[in-house]
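These are the structures, in structure tokens.
First subunit A sits with subunit B, and in the next complex the same chain sits with subunit C.
Right, the complex of A and B next:
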């Protein structure tokens, strides 16, 4: 069975927010739209975004890591948001594992957002319905798009290719290989939600130079420290001593 | 109901200065989606947060839609305007400017922000005849351009960059995340995936630094000390690429060391060239190791001593330039640098070793044959895979020029210039050192009703190239190319308002500003500069008149600057106009060859918006500036697209704004007759032209005979002479010699002599920033700097409903330990004070900033009501600007003299030099940022601000 998911590589995410606004622009005019913004030009603007980047620091100076952490619906294999929904608006698709909300059935009771341990549900304050990442379900199967474009908008946009998209149940898919090879992990596994989305951790490259690698036989100083031989006519002890 | 009409149109992004290829998807004529063009070489299909938010720029209620005139009787800055017609706007401007032009053209000043049409704005100013033109470079990164171009003949960003495809070690120093942003993001990610090691040297760990393998925190403004100490260690360990330096730099060339001689500090020459030309004649000397005597540089079979001291047959003492460099860095030890930079000496040594050993032991050999400028054929191109990138963090200090010279020299010592895995040039670079463009050299170049006799901006090669009066005073309003800032190759826009207000060097009549927020985040000393814009004469014939009599602002948005305009010209957005990213300006070339590009409108202009290009062409035509009219004085160009196709730099030159598809049928590149279908050809080809060079022309271009001759044939350069790296800068020495009274060039006024002797050192040196020297460090113990958020470009996007939700207001980030020692808790309201001013803002504790530095995001704070936000918007109530703490001037040499707060070599604005102290705000104080300003109203023609936005392109779902 297919389980579509995003794999997000924290090793290369620079926190540029391309995924945040490319998601917004695609989805506000797409099947899941419009995505409302309250006070768009006034105090405390707040709007519906399916994808957000949180930035936090780890460690103390100078051993500090700054982590940019993009977060959207994780499309759990066992999504706690689904069983709590009183109207069946929240559901998980059998064919590809995408968790969706049927706005027509949603009554805006917000049970699902209470149930979601990841805080990724986005209530649309204008339409009064719950919204969330759809993995761009209106792009990925659209045969009118060239195949290369049949990806979530965030994946297409990401300048560092930090977002991979594919079927994590296919062990040979790009996402499965990435998870396997790079220590991909799920968020809060203790909740047994089995999030489909995975994160790849930071990986560090360091070098160690041994002291005896510093100097080589062809060190240019051997050439440059050579001084011209003194002229034969210049004074020397030979001129003054017979010993 | 018919299905919505869907269309996709290609153009070029302008949400920042990066210039990515974009596809604009329209539904029923509204923008539905903007994605990256996968067939564009720059962004290869990706797009950033800003680019993805272009829709909200297009439909922003802050857009200006009508020409506006300040209401009679209304005070400047109050934002009270009335709509007028374009005809009225043009008539007003034409009358005023024609009068200036026929009397004293320098009384018209045109200064532009991050415009991408400097070739046109510069042409307009030159045709008008005013010397007073520049773009924003002087307050951006001119130190980066000048420091590197005066050393290696090229620089970062549009001009060149790190070859991360092949680098193994990448060292980024204080870069700005919005410069060359998508290409750099793509490259860094790929570099990391390929196993490269990424070291970031920066006081703050944000942005790209976050994913560095190692973060090396450094104190602001001390980069020069670090780089010189690394050079010290590289030389001490013998980790330099000797062969590279011998052949491709002036390392082996002999410098006169006879202090009594007028030629002291100059290279010894075998002969004086017959004519002045802008290239380095190969007439210098080496001291040959084989024969132990002086020989002509690059003499076949010769190999120079790089170290030593020699005596010529006439008794002149000489040293190779490399020896002088070694003498210079002798005391710049890592232990010395530790005290200044805060970086442990062991770390500095390790970094030097990593660089040197990686460059030496991980060499790349590409099977590409090429011929050098001395006719030697090479079977391979060698790469030493250590790459660097730096930008404004290094540049925006008053000691930045020499820091950047040190960086360029370090890159050269490692043998990484225009080689795989190192730094690579982008056309039209490399250029001669310095490039050939020159300003006029005397005020006689400014004549009524006559174009300026020379370029408004250029590259001085010696004191005789300065643009000054006989008594040494500046000709330009910003004092660029004067003895105060001799190599100010991008001008000093940050001093224009202050100078014009004070009348030093003179008053002007009309100041035209395009796309620059000089009443807010693009100016230093913002509070006072706003007063200057409003200040009136109290006595004399102009009593009651504004000291800067007429201000014209062209912009697409209502802003703090537009409020001070007498006349506002509403510009279009990037989606509504033609544009060219021209080879005559700052094209988007790739490492493998020249690229230029265009914008083609995907939407009609909003309201009565008119592209500024069209404004200039119309104005130029009405003023009868020679290039815009026929001999008979009638209109020559229908509009901007027509101008772009048909304008040639000289009649019949075949060189125009666009390099691609020239010639009648579009068969030529760079040179060729105008092609009437040139726009269509760009439109069909992703809005860009990419000329890929043969592999043998892609590397070693400073000394690549094939490339240089090609470049000369294409008229990219006038000369095909080799461009040797200037480890030792004779250009700088010429200014120093003049200040010492030597030689036959012009001599500086007495009060500037010591300044020139000090800062025009032919070798890089470290000095504390000018502001640091003028500050009591006990009183102001902290350095304050800004960082650039990746989701905002300067002040451009506060009006953008989506982007402002990412950065709604800014905090001052303070190292948690520093904050605690000052009694400041996370989230506290605090005062930040410099010796020039104070702001109130909110503090945020951080572990990702070095303890002696505080920082905030650039340009998030806004004046109340600006950008058509409600006056209570967070940007104005909690957001703040650091600019209020930064002075545009410092005490100069001598009583009462003031000098720009800038690099003394280049005039680069020293944004990042300011020193501050912080304290908790009182319990009774307002929880509001300070200073505050009267709220700006909306202007006529601006859209209403909606309370809700639920954008759905092409009507309702």
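Right, the complex of A and C next:
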């Protein structure tokens, strides 16, 4: 069984919101109708988005780290939002595990949004139905697009490649390998919703330099002692050509 | 959660309607066994059923204001296998239909005896219809309560006390209305209804206090750490991803300060329970219908406040992602 999902690398995300705008652009232009905004150019603009990027500061100044955190529907493997829907508008596709809302059936009761612990469903104030990330279902299967473009709009837009897309049930897929190799994790595991989307944690990139490594002890020009040997405090052969 | 008045009125109005019907049918059953004087069917049971239907209809109308696409409401009856909301949508009209039939049978004074119990007690159509409606009234309370109680993330609601409260509070307000109604339609029953109403109101007070103290002790299961998966004791949100608010900041927050929240709590504890119980007692002893009507009005306002608080108190785990709203 296939379970499509996004894997988001928090180690590379720079919080540029390119995925947010790209998602909005693609999904507001589709056959399902616009993602309506209210006061888009006035004070307090608000509107419907599938994807948001939030920012958190971890630690106490000056030892802080900034974590940018993109958040969209996680396409849970055990989605609590689906069984509560009274109309059957919310459903999880068997073939690829995408959780979708049928905008033609939804009555806008908002009950599903109460049942999602992650707050990723947004009510469209214009169409009066519930909306959420579709994993660009109208794009990833579109054979009229070149194969490289058959990916969610956010994945294509990310300039740092922080977003990976694939089948997490295929153990050899790019996403499964990324989860396995980099300690990918799920959000709020305590609710056993088994989100399909995973996040890759921040990783420390550190190099340890030993004192003797600061000196080109192995400089081949010095090994045969043919050239003058400067003292340790002197500029090294690479910095000045004293010979 | 943001308390929506459509849902507040839906749940309180149908609670009154169901409670009133339970009161009517309890009196009917008592009368059947000769424990209460028999009532003139036309006036008492038929008008009682009519008032029940008016309250149920009022609730139904209120519920439509909650829907974005009310014209598609018929679709809500399709997912009864999994959704309590869908079950409620089926049981509610079924209950109303049964009450309508019950009222009609009384109005037409149709006394077709179906069976006669060994003791010689005749069971007529109205008893059968009444029993079915009685079951449906309870089923409806369970559905309404379970809509909230089944959401495990909303831990303030995820308890059997939620269902018990819906039954007791709806029952109490219905019996209070029955007491006021009987002051005009069947004065002999005022004491009976008022007595039960005081008992149910006090039971409701006990279970509501139990729910309040349970919720006061709740420890949140999720934290900002599990929400974003960063294991550090100190995390501060610096951006929510927007500045002008979103569905997330509107639907899941009540935007009311703590002192106001506390005031609502004390208001509903007094208004839904203590004051009506006292008024009922005075109303019966002084035999003044006005006091009984007042008791109902006070209790209903108290229940509106109770329901408002019920929603406001529930804190959704998604709020963790909107720390500015939490602290602001």
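Keep this in mind: the second predicted complex is superposed on the first by the 213 of 243 C-alpha atoms of A that agree within 3 Å, B and C clash if a C-alpha of one lies under 4 Å from a C-alpha of the other, contacts with A are read in each partner's own complex, and residues count from 1 in each chain.
Everything below uses one rule, namely that contacts are C-beta pairs under 8 Å (C-beta built on N, C-alpha and C of every residue); 3 or more make two chains touch, one makes a residue touch a chain.
What you see is a predicted model, and the numbers here were worked out from it, not measured in a lab.
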{"item": "Partner chain(s) touched by A:54 [first = subunit B, second = subunit C, both, neither]", "value": "second"}
{"item": "Which superposed partner A:66 touches (first subunit B, second subunit C, both, neither)", "value": "both"}
{"item": "Subunit B versus subunit C as contact partner of A:34, first or second or both or neither", "value": "first"}
{"item": "A:190 touches, of subunit B and subunit C: first, second, both or neither?", "value": "second"}
{"item": "Subunit B versus subunit C as contact partner of A:113, first or second or both or neither", "value": "second"}
{"item": "Contacts of A:20 with subunit B and subunit C, given as first, second, both or neither", "value": "both"}
{"item": "First (subunit B), second (subunit C), both or neither touched by A:177", "value": "neither"}
{"item": "On subunit A, the residue positions that both subunit B and subunit C contact, one per complex", "value": "15, 17, 20, 39, 43-47, 49, 57, 59-60, 66-67, 127, 202"}
{"item": "Contact set on subunit A toward subunit B in their complex", "value": "11-18, 20-22, 24-26, 28-29, 33-47, 49, 57, 59-62, 64-68, 126-127, 148-149, 153, 156-162, 202, 204-207, 209, 213-216, 219-229"}
{"item": "Complex interface listing, subunit A residues touching subunit C", "value": "15, 17, 20, 39, 43-49, 52-60, 66-67, 69, 71, 80, 82-89, 105-111, 113-119, 121-123, 127-129, 185-191, 199, 201-202"}
{"item": "Footprint of subunit A on subunit B - complex, ascending", "value": "27, 32-36, 38, 43, 45-53, 55, 61-62, 169, 177, 181-182, 185-186, 188-190, 192-193, 195-198, 205-211, 213-215, 217, 237-240, 242, 287, 289, 292, 305-308, 310, 322, 350, 353-354, 356-358, 360-361, 790-791, 799, 801-806, 808, 815-817, 846-851, 868-870, 872-874, 877, 945-954, 957"}
{"item": "Residues of subunit C defined as touching subunit A within the complex", "value": "1, 66-70, 72-73, 75-79, 82-86, 89, 147, 150-154, 221-222, 224, 226-230, 232, 234-248, 251-252, 316-319, 321-322"}
